[in-house]
Every structure is written in structure tokens, then in C-alpha cells.
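A quick write-up on the structure given underneath.
Labels run A, B and C following the written order; every chain starts at residue 1.
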Amino acid sequence: MRDNVLKYVLVAPAVLVVLVTAIWPLAESARLSFTVGRLNRPDSLKQYLGWDNYVWALLEEPAFWNSVWVTGIYTLLTVGLTTFLALGLAILLAPGGRLRSGVQTLLILPFAMSPALIGVSFRFMFNPEFGLFDAFFGALIPPLAQVSWLADPILAFAVCVMADVWGWIPFLTLVLIGGLVSVPRETLEAAEVDGAGPWRVFRDVTLPQLAPVLAVAVILKSIFSLKTFDQIFMLTNGGPGTATQTLSHYIYFNGMKYGQVGFAASVAWLMVIPMVFLTYAYARLVFRKDRDP
Amino acid sequence: MSAGRKSRIGSLVRIVLILFAAFVMLVPIAWIFLAAFKTHVDVYQLKLFFTPTLGNFGTVFEAPFFLGVKLLNSTVVALVTVLLAIPVATMAAYSFSRFRLRGETAMLVAILATQFVPAVVIVLPFFVMFRDLGFLDTRVGLVLVNLAIVMPFAIWMIKGFIDGIPMDTEEAAMVDGSSRLQVIRNIVLPMAAPGILTAGIFCFIIAWNEFLFALILTNKHAVTLPIGLALFKAEEGDLWNLLSAAGIIIMVPMFILALVIRKYFVQGMTMGAVR
Amino acid sequence: MAEITLRNLTKRWGDVVGVDDQSLHIRDREFLVLLGPSGCGKTTTMRMIAGLEEPTAGEIWIGDRMVNHDLPKDRDVAMVFQNYGLYPHMSIFENIAYPLRVRQVPADQIRPRVEDAARKVELTDLLDRRPRALSGGQRQRVALARAIVRTPKVFLMDEPLSNLDAKLRVTMRAELKHLSRELATTTVYVTHDQIEAMTLADRVAVMRDGIIQQLGTPDEIYNDPANLFVAGFIGSPAMNLVAGSIHGGEFVADGGTRLTQVAVNDRDAVILGVRADDIRISEPGEGRIDVPIYAFENTGDSTLLTAQWDSQRIIARGDRHLRKDQNDVVSITLNPEHLYFFDPRSGSRLRG
């Protein structure tokens, strides 16, 4: 077979799989978002209402805006905290050596844990009677000793953020270590010889060279934060009330629990919008590598 | 002298910080490990010292939990997903790596992008379709949907490995008398084998840990391990000792697999944006 | 019997021209070297002969067959790659045997032929190893053995020595020359190293910007360069090129220095070429003109003396016992029998 035929034959199955498993459901979701879309009435999946679902979500649903708000704050906090802490840890661990590479290996563990399990584990840790973290924070900050973390809207949110940051620090740290060790030694040494102190070396030499990797880390983490579902489902299930109801959880609830698939699909598509921007930014970073080898 | 002392204090502070970070990372995991060996009396107390028991690991496999079924489901679903995804992804990755295709960048970006689409968007139409076709609560259905999340990783990861195989070697084989397919079979596959295996393990971990699809698309027969966690609720609350034992059964195999491929984990997760 | 004929061969990628409408006839059993700086199209030309690159236009003939549309495997050529292209997952034996196996040579012939090829390149003791366990020179030999294990119509070699260290390169060059004489097979050899070209080639094609500048024996391209590019590219140190004019049988360098007597018609703008070896160095006042020394270098087997006047510099080779210092003054005389003149605008050689 000639190469110019073969090359398309080789990609065809993969393209087919992606079409069926990703592109089709995306398109079908878009279609459903314009229907009445009740799970219990199959004919309603073909009853079109135009933009009604979108209008309803945007104008008539405080719960939608609540989950937008929750997701936004959640993303800002988790991305900010994870990046900041991971950068610190990466700087501590980058030099290598037995202790540091040992800890680097440990970092793989939370990373291989199912997010659902992380949720369970944090629910356990913050159990008011026998949770380790609950006891720890109670001892550290006495006013918190008597509260039940997961029953308080703000504290429950804080626990969700903590679980997320805990679960993602390892990944971001490993990414940033990768970036740090690829900063050429000579440029750091040149800056030192030129008379820059450690902070100046970091700010003027390391950080600019780390920027692309940092961008990758921040974008990727933003995407995963926006999508968060598993952990929250197992940790608080959106509660108390809707204090920790992220968009994914809101969509799940409306689609599966209330059976409003059409409405859920419209919210899902509203959620795709920020993803498009982030994906675009990410794709640019990935392909920049190919452009200048 | 004072500069030397300052740097010694500095390095001590750094070591303390590193140990503290390691501690924080390990505590929740360690706590689950401890709880899994506690009796249901001990687990409801903040105890570090207790008489360990293996009983929990027996109980989770008995009625009414039957974790064994979930274990089998998870294994079958993850394994079949990987066995389907890897050959298909390898073929595509080779083509993307070695040829210029019409719309190549668009295809690669689209594949990348499907990874970033919220899983809820994908699962709603599948739920409706599976309900109509009777695929709900089957492993087949779960495998199909899992392919959606695994394929992009597999393609991008394997492409990265094939990019690393020198063109010279393939061209040498062609001049030596191989057809393109012989080149792929005799040269590329053996050379990329470690990378393909790595991608397979990576995808296995992802499929194993997958939660949302299984939550929505299964309820009894095809339930996987992460969903199985929800079983350990009794009227008096969560059965933490059993939950922990189940947690260990879920995470320890993945720990081992993750350690095997740890050098490539970052590359896999970032789809080659960071190597 | 295999000659190679390229007819109006062209390779373009979009606007980038790799090889520009070139024709070339390579004789049977000839060792032809494609020589030029990086990006000149020499490797592209070779890859098109191998079938690894598809020509945009033109024809490639091997023997009496047009091979434009043949796959590499059907062209009956063997190639040695710059990075050797060894199969890392196979033993050395299997590496060398691969061309035979894939062409379905009967199994009982494979071992004797591999051993024979290994003997020719002195690899016999290493056949069980993997490429990883071999040194650069040994890998090079494996690549060679893999090429000679069958009897292809044509050998193609793409900078095969460029990854070796300087010392090894000299040794391997001699071995390659010996082997090529012994095998007497048509060979196309790509290099940017003029010493390799001079020592190995029956004929050299000097290329630049996708165009063959000169095709000739090593002797011809060294002693009778067709244009300014070839003159400047061949030879180490590079040929001196001095801008000036010719008036009354005398070459006057820009700036006014009357450099040498010449036997060429008067001309306003001309470039004079002279090799370092064709300049005699003598004590001040004894030669044609006296000039101060800009730099003096001792290379061990000879000395190189760079003289400067006005804004012009000229480099001359001296006896290995010559000792001078910066700013000393010497006298230099150009050998009038070995002067070359070029048109500064077109770069073409001016004769007579």
C-alpha cells in the first residue's frame, strides 16, 4: 500500500473512535439542549424549544448562578493555591539527591488515587468525632474544635478546596520540577557570577524560563478544576445545601436526579465556553514545541 | 563563618519543610491504611495504637457488599478499554508522527480538546442512547464510554514515544528492503514497545479510577470499584473500616502501576506539553 | 552494471527549493561525492535517489530503469546513514542480516554472508552484541556491513564519518577507500568535508543552493575551480580572495597596493584568488611587497601567516621552521602561475 493511502488508513480507526465517543455525544448534547428533554418522556427528547433552556438557566435560575459562583471561586482558589504551593515544593525538591528524589517518588501516590477515594478520605479526615484533621485543626484553632466542618457551608467549601489542593499538588510539583531542571545551569551560574542574589536569580532568570511550563500547569489545572465532580460528590455531594455545588455537580443533579436532560445539556454547553478558551491556549503551548524544535 | 552558618540553617529549614510536605502528603493515605486494619470499634476513635485485624478485607467480599464483583468489573472494563485503545492509538500515533496529513493539526487539536470537555457533557447522550439500546449497566457500555477519555492520552503519549525513534532507523529498514508495514512491525513496534506499554498502564489507571461514567451508567451488575465505595453506608453512618479496606484494594494496585511508569506520568498527563 | 542518471531533478517544499533542476550522470562503478555546505541540496539529492524523498519534477534512472515511482525497497540500493540507523533491539548479527531476511534470502545463506561482511569490516567478534554496547567507530562498521552484505546496484552514504572523532575519521576514511576499491560498486557519497571529498572521490560534484557548481575530479576542482564559490569552498585554509582591478598588466588591490604582475587583460573590477601555498614569504625588501603581520600561527607541520594592509588580509603558508611575531614585517610574492580571476558580480571564472 502506498504511504499516502496508508497514512489515512492508519488514523481512520482512531478518528472513528473519537468521533463516536466524543464528537457525537458533544453534538447530541447540543441537540438535546434545545429540547424539552425529560428523561421520563421519550417524545420530549425531540420537542424543540429553541433557546429556552439557555434563557432559563441564565435568567431564571439562581441555583445555576450559585454553581457558577461556586465553581469560579473554587477554580481560582485551587489553581492559585496549588500552583503556589507546588512551585515552592518544586523549588525545594528540584536539586535532587536521595531524600528529595525519594519524596518525588512519594508524590506519585496521591496522583494515582481515584479522586472519588480522595473525597472519601477527606470526609473521613474531617469527621467531627474521629477525624484526624478535624482533631488537628481543633487543637490548633480552639474555636474550630466544636464545629462540624462538613455541616458548615464555608468550612465544607474549605475542605473541598483542601482535598483538591492535596490531590493536585503532586502533579503540578512534578511538572514544575521538570521545568526547573531544564533551566540550563549555565544561565543560573552566569547570573550568579554577574552578581545577582538568589532571589534576583530566581526572578530574572529562572522564572522567565519556567514561564511556558508554568502556563501549561496553570491551564491544565484550571481545566481540571472547572470539571471537578468526583471528589465533591463523595465529599459533600454539593452540600450543605448547595454550598459546594459545582457546575458539573449541578448538571449531574438536574440531568440524572431530576431527569431534565435538555436543561442539563444546555448548562453543560455553557460550561464548554470557558473550556474552548483554555483548550485553545493549551493547544498553542503544545504546538509551539513543534514549531521551533 | 556567619555565611556558612546561615547556609547550614537554610538547608536545615529546607529539609524540615520537605519532610513536612512529605508528611502532609502521606497522612491521609496512611490514615486509610491504619483504619483498614482496625476493628469497627477502634475505627471510631482517634487511636494510633490498636490490635490490627485482617477481618475487614474478608468482610468487604461478603454479602451484602460483594466487592469481588466490583473488582472483576473494574478489571475487565479497564483491561478491555486498554486493549482496544492501544492498538488503535498506536496506528494513529505512528501516522501522526511520521506523515503529513491533510488536517493533521486540526485532528490533533480535536483529539486533545475532547480530553478537556467536561465528562458530564459526554455522558448525558450516552445515558439516553444506552437506555434505548439496553446498554445501561453493562460492561460493554462502560468500555465504550471509557474509550472517550483514554484515547486522547494514548494517542498523544504514544506519538511522543514514536517521535523519539530516529527517522534514520526506519529509513535504513526501508532501503534494506522493507515495506512500510514491515518497517512498522519489525522496527517501530519493538522499539516503541516500552512506550506503548507505559501508555497502556497509564490508560489502565485512568479507566480504573474513572467515576462519573460508572456512576451514571451502572447501578447493579456493572458497578466498578470507585462506585462500590458508596455501598459502605449503614444506618448508623459510614462503615469507615470497610470503606478503608475497599480503598486499599482500589489504590494499592494503582500505586504499584504508577511507580512502574513514574518517569512518564507527567508527560502523559500534559499530553507531551512537558517532557 | 549500474549507472545513475538524474534528469532535470527538482525538489521543492512550498517556496523552499531544495534541488533546482539538476542533471547528473554517474558512471558505473564510479565513486561520486556530493560536496557542499549544509542546506545545499546534497542530502536531498541522495535521498531522492534512495526513494526516501519524492522529486517534485525530473527523472531518476538507475541502470536502464526509471525509478521515480519505485519504493526504496525496490530500488536495490544500500545506504549508510549519518546516525547509522542501526536497529537497537537487534544484535549486530541480526542488524547485518536484516536486509537478507527481509528479502527472503534462504536461511542457510544468511550466516556465511553476514560473517563474510563482518570480516570485511573487522566486526567478527562483536556479532552477539547490541548496538548500544558498541563504540561510534564500531557502529559505523555495522552500518557499512549492513550495506555490503548484499550486492546492491548502488551504495549511498550520507555523511557516514561525520559523527566520529577526528582521529577515528582519518582511519575510517582509509578503510572506506580500501573497501570501495575492493567492492567496485557505484557509490554516491554526501559530505561537507572537503578532505573526505578529495581523498575518496573519483569525481566531485560541488553543490550550493540546490545547484551543482562544478563537476570534476578532485584535481580539477582544486586546481581549476569553475567559479568563486568553488574556489572559496575548496582548500584549507580557504583560497585568498582579494578585490581589486587590473591596470597595465598589474593587479591593484582596492586601496592602491600593487600586488602582483599578471598576464590578463585590463579590467576595472576583478577578484583575485590565490592559495596560501602559492605565496612565497621572504625577509622585508626581498619580495614583491612588504606587509605587517596581523597574526602568526604555528600548526606544527607548517605555519600560517596572515598579513594585513589597508583593509585587506591575505593568508600565506610558511615553512614549519619559520618563526615570526605579530606586527613583524615580511615580504610576500604571489606565484604568477597559480592565480585565478573571477568576475565579482557573477562569480564566474575569468580566463586568459
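Observations, loosely collected:
Operating definition for what follows: a residue touches a chain if its C-beta (ideal position, glycine included) is under 8 Å from a C-beta of that chain, and two chains touch if they have at least 3 such contacts.
Just so it is clear, the model here is predicted, and its values are computed rather than measured.
By C-beta contact pairs, the most connected chain pair is A-B. Using CA-based centroids throughout, the chain positioned farthest away from chain B is C.
Remark: chain A and chain B have CA centroids separated by 16 Å (rounded to whole angstrom). For the pair chain B and chain C, the distance between C-alpha centroids works out to 54 Å.
Of all the residues in chain C, the ones that touch chain B in their complex are 50-52, 71-73, 75, 77-79, 81-89, 98-99, 102-103, 143, 146, 156. Across the complex, chain C is touched by residues 166, 168-179, 182, 186-187, 190-191 of chain B.
Touching chain B in their complex are the following residues of chain A: 1, 3, 6-8, 10-11, 13-15, 17-18, 20-26, 28-29, 32, 39, 42, 45, 89, 92-93, 99-100, 103, 105-118, 120-125, 127, 129-130, 132, 135, 166, 169-171, 174-175, 178-179, 213, 216-217, 220, 223, 226-227, 229-230, 233-234, 247-248, 251-252, 255-256, 261, 264-265, 268-269, 271-272, 275-276, 278-279, 282-283, 285-287, 289.
On the chain B side of its complex with chain A, the touching residues are 14-15, 17-18, 21-22, 24-29, 31-32, 35, 43-46, 85, 88-89, 91-92, 94-96, 98-99, 101, 105, 107, 109-114, 116-129, 132, 144-145, 147-148, 151-152, 155, 180-181, 205, 208-209, 211-212, 215-216, 225-227, 229-230, 238, 240, 243-244, 247, 250-251, 254-255, 257-259, 262, 265-266, 269-275.
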